[in-house]
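In the two complexes that follow, chain A is the common piece, with chain B as its partner first and chain C second.
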Partner chain A sequence: MKNDISKKETWAWLWILPVIAILSLFYVVPIVKVGLYSFTNASFFGGKFHYTLNTYGFLFSSGTFWIMLKTTLLFVIASVIFQFLLGFSISLALVDGENRKLLGTTFVRTAVLSAWVIPGVVIGIVWKLLLTGASYGILNYYIKVLTGYAIPFLSSPTWALVSIIIANVWRGTAFSMIILYGGLKQVPQELYEAAQIDGASAWKRLIHVTIPQLKQVIFINLALITIYTFNTFDMIMALTGGGPGRATEVLSIYSYDSVFERWALSQGAASAIVLLVINLIIVIFYYRTMKVGENNA
Partner chain B sequence: MHNRRKELYRNILLYSIYALVIIFFLFPVLWALSLSFRSLKDVFRYPPHLIPSHFTFENYTTVFNTSLIKTYLINSSIYVLFTVIGTIILSVPAAYAFSRMRNKAKGPLLIIILAFQMISPLIIAIPIYGYFQQLHLLNNYLGVIIAYIAIQLPFATWLMKGYFDTIPISIEEAARIDGCTRFQSLIRVVLPLSLPGLATALIFTVIQSWGQFLIPFILLSNSRLFPITLGLYQYQVSESIHTNFIASASIISIIPAILIFLILQKFIVKSLTRGAVKG
Partner chain C sequence: MFRKLTVLLVTLGLIGMLVSAATLVTPTHIGSYNAPISITMDLLPQYSMQAVNPARQQYLKKAYEEWIRKNPDVQVYFQIISGPAAMAKLLTQARSGTAPDVSQVDSFVLPRFYPYLQPLNKYFTSDEISDLLPYCQKGMIHNGQLKALWFTTDARVLYYRKDLISKPPKTWAELFELGKKLKKEHPDMNVFMYPAGKNEATIICLMPLFWAQGGKLVDTNGKPVFNEGKNREYMLNLLKFLKETVDSGITPERVDAITAEAQLNQDVAAGNVAMFIGGNWQVKQMENLLGTATFNKEWGAAPLPQIRDNIESTGVGGWTWGIFTKDPAKQAAIIRMVNAIYFGSHGMFGWTKAAGYMPTRESVYKDYAYYATNPWMQKFLSIMKYGRPRPGFAIYPTISTNLQVAISSVVSGISSPQEALDTAWKNVMEEYNRMK
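Up next is the complex of A and B:
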């Protein structure tokens, strides 16, 4: 074995090389390039440009940027809270049902997970068919029957934001559910039995046994769904296209539009860097949580 | 007696939760399915009704015959197939090497790969558009496939590395003593033991590549090369397309993803619950 170390592991580096080469070409160089563009006044069509800090100055002093950022944060925070709560509740109900040998738990799990394998664009289209104000918008028909009013799900700015949150919760709950479900299955059964003997109620067992045991899984889950939600693009494009007006324009759509619709390469690059910084902060948080878990194990 | 009643209430409560969950998650797709079997007149009949007044398959045949959907489905299959092949060929040896090496650079490299896996593809897509323009890889099958592989590679490498870590080196040592090379011991000893991990990497690559939208949205403008996601997006954006056609086209695009999922569900659930998937 000692021999292996002294061989300097040349073979390993050779085997890794193709992956490193591709990742350098497709990640390292592009990220550096986006970073450089963000400090220029470059346009999408090329031509001469010079280096400047004005792009960020313009971005941070523009009202639309902050409105967009607020929309993004509302979208992310609401999505994450509901995805987590819903995913957690469903996983608890599933594990409880399995312990009681109830029928249909596998079917419930499959139904939730199937939402997660559908392409984002299709999710957007399917929800549009459901929420539309047209006569086949069945949800509005039921709401009208119950309350007398129709809800402008896709035509009012506020409701459009609510709509993309609902559709995103529908899409992302499966991931939280399955990760937390996996965590719940690992909690030693004896802990619950001990708590039960002590006379702890179901609620107390949840607060004092389940949640502390799942702490790391919960943090990892929160970090991942936060990142996925920040990066959402396809579903919103199909459901609202960022509208009405710019009511559902989140960071990724703003960057895309800046570059490919408004041809403002430098501005799009600067907003992409904002997205990158947010992504990296969450990655660091995620990695630290994972490390803590490994050290404790 | 008292306890039994309490148990019964609890079971009823659980079943009610299950019913609500099933309705919430299945209703949107079932509604699209229901619309896809209607004539246009039936779609717009008010008040709307859950079940079509009479079922028709006409929308499906019309969509197949009048749109490019066949082309889109074939394109998506080509992209997915070559992405899977490329991703597996590149990630398996690299993941194995990462798992077995002890160099100090390993930790930082793995963190960087993890970060790449999580950043939005939009960030890298902006400069890649520029590259591909110069290399004439825009509107090109190869360009799309290379970009897809680059997107899938970090995740597949992490996943396989995690799996290889669980296979003890001692198992390989016997093979190495018998004169197997590294590569032979990977192919003959380690890989057969890693089939569940490999299956998981494969499923994720298939599902994510099938649903990929951003990359083709940026790299492609020729509709003959569109994958199903982009084709469907353009299809529903054009105002003249009828709702019942959009519904049936959506259902067509979901079927492959759902089928793969249902067939291989066991692997997905297993690997997600054992925590092998961390992203």
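Up next is the complex of A and C:
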């Protein structure tokens, strides 16, 4: 019997070999290659390159890198907070609406989700049309009619950062909503009924019943939206391109800029590795949270 | 009966010929698959039969059909290249010996490809080469060897509203004087616009205002010098000028979000722009937007306004064909094809007319009525004589990116001209020293 199982395990390895090969070829090899380039002075311009730690030294000693990292953190923190709060509020409203058998909850869910399925580039272009200060800028047209002034959404450094955060929150709220909505549907109704009998207010039910029950889902949600936000590229590229100046230049844009605009392959690779390390830390945190959740279950 | 049979056979023969001609040309391959000379050609989609523009598509299809019929011993495989990484990939291929037989090469990175491109002197006479615009000749020839064929070009000019401006400003002082007057008369008007966002368009549109003063971005060895000696003064002049355009109200601050010349078209179409720095190809775009008659009646083009009178410069670019194959038979076939469709006088006329680019041969502007009688083209030609391409040194992309940020920062008020220039210089020199 034991022999049969070990034979089956050997065969199982054979069956998953193609998957391992494909994953290695298309995921592991490129990552290793990028990692190796990050320890070189390679450029698309230069011929031969050599291995060096100077690329990381250069990256971490450059003032531009720290400004960009600060911008990235501001963008991520603000986006994650608002995506989570809005997603949570909408999912609570939806579940409550469904409990009260209100009409239109499915429509609301679909409408919010539509923002999530639109490609990032399209979102960037749509928000650009909305926010631009040009004569065809939709939002500024109404603001100008009401106040006589236009807001420099894309041309002032502060407003540009606010603009990419708003666009990203608009895009990412749906994801938080759907994850938390799924979690809320799993919370046993009896807990709410018991709390109500004990005289708990809506706020207390949220703090003492809903949030503790959703703890694991909330952690997963926060981890995933943090990763997604760190990796945001297409939407910002289409909306501001990282400008004005470097006001909206985040890690992914910096990486792209290094490789494709400045042809500095090693620097782009090093900044991509920094992004990878940040994402890995979040993933480790995510798995540890999952494990704690499973052990507590 | 015999007559009917003959008609039938001739008809079938004609149909057969048509079908075979049609199958000879597809967007990815031309010629018979059995043809002995097989060429691989890399090109951008808008320069290929896959172009979206119907005029380009029709011209190329017809031109390739005609050419392949006359050259049955050749077949060509087209490979589309696109995106910002295209030239970087091509350079990597060239270095590893896997480049296509022929490829489009962006003129401003041409010097990086010199070591890998085959000399083409034997295919052209010196008269043919001297027909090309001076900056094209300079870029195409390296150490006496003809390394590429520069077949389209472009230039940046000052577009101005003829109904508002009788004499376009030649100097910055004239620009401010005129701008303030126009702003007073039309408070909602964007008097003077230009791209100042984080993109190459900003550099190619605005660096001529630095170059015309005598400024240099790099020395002859490729060392950055834009902040050294007189160059610093010239660059600060430019940055201060840009800041003043915004401070004086003639330019809206939002130009710092404009990353391409064509992004100005909508403002122009809305009728609230008096002057702007743009590319020659915008004539066609704006004729489509405003109507040919209206645009030609309302708008004119002039050289870029400079710090003082009697100096001129404009940013130019364009594309070249570079041949990587060493096989003489392939080289000869490529030259025949490229000459017929893109680079020879007739090919260049046909292609630039269909695509809306500027020819690089001076004779095309004289010999073809479309150019000889077109005031726009003649004006562009006179401006292009002062054309200056961007330097093709390895440090240039870093200089460009940092100057884009500097210009954008000054215009949006993030930094003063001095701070912006010092930051750009520091970043560029850090990178330059690292590259050494």
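We adopt the following convention: the second predicted complex is superposed on the first by the 286 of 297 C-alpha atoms of A that agree within 3 Å, B and C clash if a C-alpha of one lies under 4 Å from a C-alpha of the other, contacts with A are read in each partner's own complex, and residues count from 1 in each chain.
The rule is short, and it goes like this: contacts are C-beta pairs under 8 Å (C-beta built on N, C-alpha and C of every residue); 3 or more make two chains touch, one makes a residue touch a chain.
As the structure is a prediction and not an experimental result, all values here were calculated from the model.
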Checklist entry - Among the partners chain B and chain C, which is in contact with a greater number of residues of chain A? => result B
Next on the checklist: Once chain A of both complexes is superposed, is A:104 in touch with chain B (first), chain C (second), both, or neither?
Outcome noted: first
Next on the checklist: Contact-wise, after the overlay, does A:274 reach chain B, chain C, both or neither (first, second, both, neither)?
Outcome noted: neither
Next on the checklist: Just checking: does A:59 make contact with chain B only, chain C only, both, or neither of them? Give me first, second, both or neither.
Outcome noted: neither
Checklist entry - Just chain B (first), just chain C (second), both, or neither: which does A:76 touch? => result neither
Next on the checklist: A:209 in the overlay: touching chain B, chain C, both, or neither? Say first, second, both or neither.
Outcome noted: neither
Next on the checklist: If we overlay the two complexes on their shared chain A, which of chain B and chain C does A:136 touch? Say first, second, both or neither.
Outcome noted: both
Item to check | First (chain B), second (chain C), both or neither touched by A:125 | outcome: first
Item to check | Partner chain(s) touched by A:255 [first = chain B, second = chain C, both, neither] | outcome: first
Next on the checklist: On chain A, which stretch or stretches are contacted by chain B in one complex as well as by chain C in the other?
Outcome noted: 134-136, 259-260
Checklist outcome for this item: Counting only contacts in the complex, chain B reaches chain A at residues 10-11, 14-15, 17-18, 21-22, 24-29, 31-32, 35, 43-48, 50, 90-91, 93-94, 96-98, 100-103, 109, 111-116, 118-124, 126-128, 130, 147, 149-150, 153-154, 157, 182, 207, 210-211, 213-214, 217-218, 228-230, 232-233, 236, 243, 246-247, 250, 253-254, 257-258, 260-262, 265, 268-269, 272-275, 278-279
Next on the checklist: Taking the touch rule as given, give the residues of chain A at its contact with chain C in the complex, in rising order.
Outcome noted: 41, 43-47, 54, 58, 62-64, 132-136, 152, 154-157, 160, 240-247, 257, 259-264
Item to check | Complex interface listing, chain A residues touching chain B | outcome: 5, 9, 11-13, 15-16, 18-20, 22-23, 25-27, 29-31, 33-34, 37, 89-90, 93, 96-97, 100, 102, 104-105, 107-115, 117-122, 125-130, 134-138, 141, 170, 178-179, 181-183, 185, 217, 220, 224, 227, 230-231, 233-234, 237-238, 252, 255-256, 259-260, 265, 268-269, 272-273, 275-276, 279-280, 282-283, 286-287, 290
Item to check | Touching residues (chain side chain C, partner chain A) in the complex | outcome: 83-85, 88, 91-92, 95, 112, 197-199, 252-257, 259, 266-267, 270, 272, 394, 397-398, 400-401, 405, 408-409, 411-412, 414-415, 423, 426-427, 430-431, 434-435
